[in-house]
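In the two complexes that follow, chain A is the common piece, with chain B as its partner first and chain C second.
== the complex of A and B ==
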């Protein structure tokens, strides 16, 4: 299967934070959700992919091309949505369109107008009067109006009301009907991913924890609940992390089958949410599964 | 690239009446040399465009669009010349009409304006690219004070040598003097351009 984005052994250090030896791939024609807590390195990774940051070491390719030699060709094919405002506050959306349109060879005014109508965005009001959600919608309208093959979004759903969040997911879903498109987006509202994601890439503290097919996560991982006497120094190693209370323990495992064979009927297994996985991984510091 | 230059005009379209107002006002004030007026309006326009880009995270937008960093820097350096040309054109045209169909702008005035703008931007642009907006004002003031003192000290030490250079310059025929100055400024502008490009290519957003 073809990879649209490939990072190999990418390292980027800042004061007090680093992305360490990151190797991830985003597959063409699928929706990949990019999860991790605050400060896990999601935005840094996205900025590296967009060439807003340069890696200290390792290689990054997009569409099989690198920014060193094909920066414009790559960006021509990407639609982007960021978490922060990137428009001139004192201009109208109409003016912003005038600035952005000539940058793309394949800009399509009819599509842009369609999204403007659908999102009910005012063309003649200054951007600074826009709410966070409206700015995000404006970004999205622009990202979708130039036949981009790859849509990259950094926390697009944060700051959106639930109604529009669902609407956004529907739009993305529609977009994916055309099999050539790829969507890569970071989020910490993990329930968004239930509806749409094919793959999940999970980052914790600047390190790649896993890339898995969405359904596979629930096959591998489980929340385990049981009495405290089952836990000792050895069995505790089987968990990503455990939480103990007076009545028993609750833990996350990345190897459901092993837990089943180890404890059998004496524990209860539940399906974990992505949030459970993020929470326990953060708590445990490292994954072994 | 043309898009990026056009963008700098578009983002200031609401300020254009203000620039025109200032120009018209200055026509009534006899004391203001027109080349100085062209210098001030062009510089304000160029710096203002730069300020807007910094203020609103526009570098993130521009660098995510299909532009290279080289193009973004080149457009600023070329745009500066285009805008200066436009302001000179407007002031010349305005003077032509108001002062009764008389050309009030000599080719020397035009050269002075371009020369000043290019010399000024050669120094300012790399600083703009290197430092964040909030440090620039403080930086500019410190730089100004340092420059004044440094100039005095250098002048004192190399007094004789400078005298010789100035004498040599003064002895040049006018055409040679202008060509020489033009060459120096062009070199300075190109060097500044290369330096800004290097700075900007290494920048992170």
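== the complex of A and C ==
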């Protein structure tokens, strides 16, 4: 399968923070969710992909092209939705459109107008009067109005109410119908991913933990609950991390079958949520580090 | 075609889809040659990821329930009742072999096993 985005051994260091030796790929025609806690490196990675930051080492390609030689061609084909305000506050959306439109050869006014109506956005009010959700919708309307093949979104649902979040997922499902488009988005609200994500890329402390098909995660990982006497120095190694209390333990495993064969009926296994996986991985990393 | 999935079920979502489509094919609710919704359409309707519906369709194709034509979509295969029967026979044989092995482990002879089988069989009726 074709990769739309490819990062190979990418490293970017800041004072006190680093994205380390990151190698990830985003597949064409699918939705890839990008998860990780605060400071995991999601926004840095997205900025690297958008060429808003330059990597210290490693290579990045988008549509098989690199920013060094094809920045304009790449950006023409990406619809970018960013969680911070990218607009001039004192302009109206109508003014913003006039500024942005010439930047894209494939700009389509009819599509833009369709989304403005659908999102109920005012064209003639200054953007500084917009709520966070309205700014996000405006950013999305622009991103969707130039026939982009790749939609990249940084925390698109964070400022949105549950009703619009659901609407957004419907819009994304709609976009995916022809099979040519690719969506890559980071999010904290992992329940949004249940409804749409094909692949999950998980980052923890600047490092790539896994890229997996969504359903595979629930085949590999499990939340394990059991009595404390099952745990000793050896068996505890079988878990990503465990949490003990007076009445028993709860832990996360990345090898469900092995736990089943080790403990059998003496433990209870449950489907983990992405939040469980993020929580225990972070906890495990802290203990080992 | 009707499909209802449960997020709280222990059964993976792709299995819920395959088992419901299989059932509808075997009961004749889905007829030979009938077109299934596209993977992407089904994903949208069920509000799940494309890769999940893709996996379900691949599974159904592998087991001969549907076939796909590139660019046209997926369709219900001709159901060979003989083949289905044979497949079911095979499952029965496997289970019987398992029962025989267990009996041998415990030193239960053929006569006793037959007796058990007769008894259980008549109880089921």
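Here is the rule we go by: the second predicted complex is superposed on the first by the 285 of 289 C-alpha atoms of A that agree within 3 Å, B and C clash if a C-alpha of one lies under 4 Å from a C-alpha of the other, contacts with A are read in each partner's own complex, and residues count from 1 in each chain.
The rule is simple: a contact is a pair of C-beta atoms (placed from the backbone, for glycine too) under 8 Å apart; a residue touches a chain by one contact, two chains touch by 3 or more.
What you are looking at is a predicted structure, and each value in this text was computed from that prediction instead of being measured.
Annotation for chain A, partner touching more residues between chain B and chain C: B.
Legend: residue contacts after superposition of the two complexes on their common chain; A:199 is shown touching chain C, with no touch to chain B. Of the two partner chains placed by superposition, only chain B is touched by A:100; chain C is not. Looking at the shared chain after the overlay, A:54 reaches chain B, while chain C stays out of its contact range. Looking at the shared chain after the overlay, A:87 reaches chain B, while chain C stays out of its contact range. Legend: residue contacts after superposition of the two complexes on their common chain; A:132 is shown touching neither chain B nor chain C. In the superposition on chain A, A:283 makes contact with neither chain B nor chain C. Judged by the touch definition given at the top, the superposed model places A:76 against chain B, while chain C stays out of reach. The contact surfaces that chain B and chain C form on chain A in the two complexes do not overlap at any residue. Chain A makes touch with chain C in their complex at residues 29-31, 169-170, 173-174, 176-179, 194-199, 213-215, 218-219, 271. Those residues of chain C whose C-beta lies close enough to touch chain A in the complex are 7, 10, 12-14, 38, 40-41, 43-44, 47-52, 55. Contact residues on chain B toward chain A in their complex (touch as defined above): 3, 6-7, 10-11, 13-14, 52, 55-58, 60-61, 63-68, 202, 204-205. Interface of chain A with chain B (complex): residues 47, 50-54, 71-73, 75-76, 78, 80, 82, 84-91, 95, 98-100, 102-104.
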